[in-house]
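The same chain A turns up in both complexes below, where it pairs with chain B and then with chain C.
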Partner chain A sequence: MKITYITADGTETVVEAREGDSVMQVAIANDIDGIIGECGGSMMCATCHCYVDDAWAEKTGPQNDGESDLLDCAASETKPTSRLSCQIKMRPELDGLVVHLPETQL
Partner chain B sequence: MSRIVIVGTGQGGFQAAASLRQEGFEGEIILIGDEPGLPYQRPPLSKAYMADGMADRLLLKPAAFYERASITLRERTRAAAIDRDRRVVTTVDGAEYPYDHLILATGASTFRPPIPGQEADGVEELRTLEDAARLRQRLADTRQAIVIGGGFIGLEFAAVARAAGVAVTVLEAAPRLMGRALSPEMSAWFLEAHRAMGTDVRLGAGARRIESADGKVTGVDTSDQKVIPGDLVLIATGVRPNVGLAEAAGLTVGNGIVVDGTLLTSDPAISALGDCCSFPLPDGSPVRLESVQAAVDHARHIARRLVKGTTDSYAAVPWFWSDQGKHKLQIAGLGTTADEVVRAPGPDDQPVFLLFRDNRLVAVETVNAAGEHMAARRLIGTPKAVLEAAGFGLKQALNAAKAAPPA
Partner chain C sequence: MSAETGTLAPVDEQITLKDLHVDPYPIYKRLRAEAPVLRVKAAGRTFLTKAADTKFVKDNPAIFSSNDPNTPMKPAFQAHTLMRKDGAEHLSERMAMAPALLPKTIQEVWQPLYRQYAAEYLDRLPRGEIVDLHKQLSAPIAARILAHILGIPEATDEEMIFWSQALIDGAGNFGWEPGPFAVSDHANLEMNALLGKAVERVRAVPDHSALSVMVNAENPIPMSQIVANIKIAIGGGINEPRDALSTIVFGLLTEPEQLEEVRRTGKWGQAFEEGVRWVAPIQASSRLVTEDVEIRGCHIPRGDTVMTIQASANHDEDLYDHPERYDVFRTRNPHQAFGSGPHHCAGTHVARRTVGAVMTEMLFERFPGMTLPDPSVVQWRGFGFRGPINLPVILN
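Moving on, here comes the complex of A and B:
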């Protein structure tokens, strides 16, 4: 399955993902600029903030418990489609997912 | 400055290299470490990795990153000596790496107390990916594990082992768990939590000798002279900073390599960061922290100084986490000198402890309460009276502070 990352300057990168990987893990493994994931997906930071593309927001679902509290501390503005990418786990319905990356994570 | 050498390929050494490039350093960066492979995250070794064994998820960055960022990685390469006069690091294979600035990110190593019998097969430690891979493989055939040391690593491992159906005994010589880092109240809460997981936790119980038969571990003889049977023993009695290289080079060393507020050692051409360094808190008292947060924030601070010439003192609020079963412990601040502990309201009746010293908030310990933890990071230093006025609710206090910023 595939994920498309679009950075703040409009650069698009399409990469391959495995079921069960988080959108953060796939970004790190593919050296995508714009996602840091400092705590490794432990919900301890907000450096893997992304905006789910409007067309996918319903499929990825709402923020998990505690996620909004972390997003309050994100470096870039948050939107209704803001998620921590470590909390989006890939599954077949998300094949083709498009996420937009904020200007900065720090 | 044209050449920066970093010794240590843990998360701090890696971050120093990455941050130097992010800040715009255009010279040569050489990252030297004795472990094999690309730099990886250590925290999951006793958590997610111990459960799922997925090593590729541990990498901090793929190989392509080092190429793209022109970071020369010398893995499996142990630094042997620092010649400070010539500004050269020598490695055990005889190679010389000249530097304009040197960053020591040598980390820490497992401390093995002098317990007889440790050479037996089945006695393990948990610090590196190699350790974790071996331990994980062994766990699959283990019926009864004995963990010596009731600190973070030992208890995280105990929780994973219990979840895998292994019988677990934890021996802690001190009267409480994680005593070096937690309030007595939170220690007590976790004692109950581990007992509820089915772990046999014994406090005030030191290990006298590791028993074995035919070279294989069979149990541990404890200080109350009872032998606990077991086929796996994990030594988790803490770590010691790796200061040998610095000490031999004549740098000032205490409980770690001593650095000033800007994270420079006693030699202005050498910085140190993370687990291996002892740095001053804003009040001047020295501290050494074993955490990703300190390693990463130190690395960023040093990179800014070297590239941008900043001279401010390091002052980041410490934070830490530990996943033990379904309980995520989060700590903001440093509570070791606290003189008062207040239990605050938390979500779903989860424990939230506020630690005060001289009526100011110095640390907050929470379990499964990310919102309270994130609020706590911004509230360290707040007078107790201000928090009391908000009913000790951290989110409420933070909202009140936002609504009426201090004059």
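Moving on, here comes the complex of A and C:
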């Protein structure tokens, strides 16, 4: 399955993902600029913030418990579609997912 | 890296704690190349020196527990602290303090206050003569802002610095000598007395401080853990920003072309990140192995203690060219100076938004002609915690 990352300056990168991977892990494994994921997915650092594309927001679902508290820590502005990419796990219906990346994670 | 029947990691009997204290980087460079999983007898720990391995350990707390009962941390802090807990227990104690450390709070409350103190502390530095910036600025400014963030502004810089060092020395007292515990006991008495009064004050007049948020929470954690959390933050919140600042200033002063470029581009944040990568203020951490596991073909049995050497991870040739050089303009810098996993440094945002975003720029703006007449007199020390112990500059 595939994920498309679109950075704040509009650069699009399409990469291959496996079921069960988080959107953060896939970004790190593919050197996507704009996702840091410093705490490795423990919901401690808020450096993997992304905006789920409007067309996909329903499928990825709402923020998990504790996620919104951490999103308060995000360096860039948050929107209703804001998620921590470590909390979005890939599954078949997310094949083709598009996420937008914020200006900065620090 | 699953548990299989590999051979045990090789044992080293040559490396001494003193070698590591004085100059660990050449040793780590050799270990990364020759023995990235190594049982170091002097430390009684299995050293992991590759970035992938240190991250693997930190990101898998179920296998690599923080709950290591064999550390002197408990007597030093007179408490079983969140640093040495896992899972829900750790999380609830950590989250109790979190509101005081949120970027929003930092931006609105602590950063303006830090800016004000930074200006004041820069004002009192003498010009045109040798001044030890490490002792005159890095340490006291770290102490001052921390006292406010924690909710104990009545503590003096000297008290904060003494308590912090006493706690660190006690927690690092792996020889279990009575001396360091006597000092940390004394520090605990002083902190307890001050905290008793501070608790009453924040109960009466709540503020944004960590103490106030914990004390006034709807479902507060036990008072013993509130006190332990404050002590952990005192122990862990002064030396790190202090050492980070001194390291970055040293890096920039010894790389004048980079300093020029940082000034031109305003990349102070990057200068900060590179400083903590180059010489990580916290160099190593311990984790207790809860099930048999294999790393790089070495069998690591349950009950072993591994030491993740993030100092070494931050110099791993797999990730960095010329890692031994301070280089602000690296294309990528995925350092582990703030750790990873559930214990990822809770002070990260504060450090980035004070030392990183405010202090270095203010310092170089205030003293554009600052020089380090003799970089060779700067001494670097520390195995667990590391940084310069002096930074004699001339301000102009």
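The rule is simple: the second predicted complex is superposed on the first by the 106 of 106 C-alpha atoms of A that agree within 3 Å, B and C clash if a C-alpha of one lies under 4 Å from a C-alpha of the other, contacts with A are read in each partner's own complex, and residues count from 1 in each chain.
Throughout what follows, a residue touches a chain if its C-beta (ideal position, glycine included) is under 8 Å from a C-beta of that chain, and two chains touch if they have at least 3 such contacts.
The model shown is predicted, which means the values in this text are computed figures rather than measured ones.
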{"item": "Contacts of A:58 with chain B and chain C, given as first, second, both or neither", "value": "neither"}
{"item": "First (chain B), second (chain C), both or neither touched by A:25", "value": "first"}
{"item": "Contacts of A:73 with chain B and chain C, given as first, second, both or neither", "value": "both"}
{"item": "Touched partner set for A:42, first chain B, second chain C, both or neither", "value": "both"}
{"item": "Touching partner for A:9 - first (chain B), second (chain C), both, neither", "value": "neither"}
{"item": "Between chain B and chain C, more extensive residue contact with chain A", "value": "B"}
{"item": "Common interface positions of chain A, toward chain B and toward chain C", "value": "31, 38-42, 44, 69, 72-73"}
{"item": "Chain C - residues contacting chain A, complex", "value": "55, 58-59, 95, 98, 102-104, 269, 273, 332, 334, 338-344, 346, 348-349, 352"}
{"item": "Chain A - residues contacting chain C, complex", "value": "31, 36, 38-42, 44-45, 69, 72-75, 106"}
{"item": "Touching residues on chain A, where the partner in the complex is chain B", "value": "21, 25, 28-31, 38-44, 65-70, 72-73"}
{"item": "Partner chain A, residues of chain B touching it in the complex", "value": "41, 43-44, 47-48, 56-57, 59-62, 64-65, 68, 292, 296, 319, 321, 323, 328, 330, 369-371, 374-375, 377, 395"}
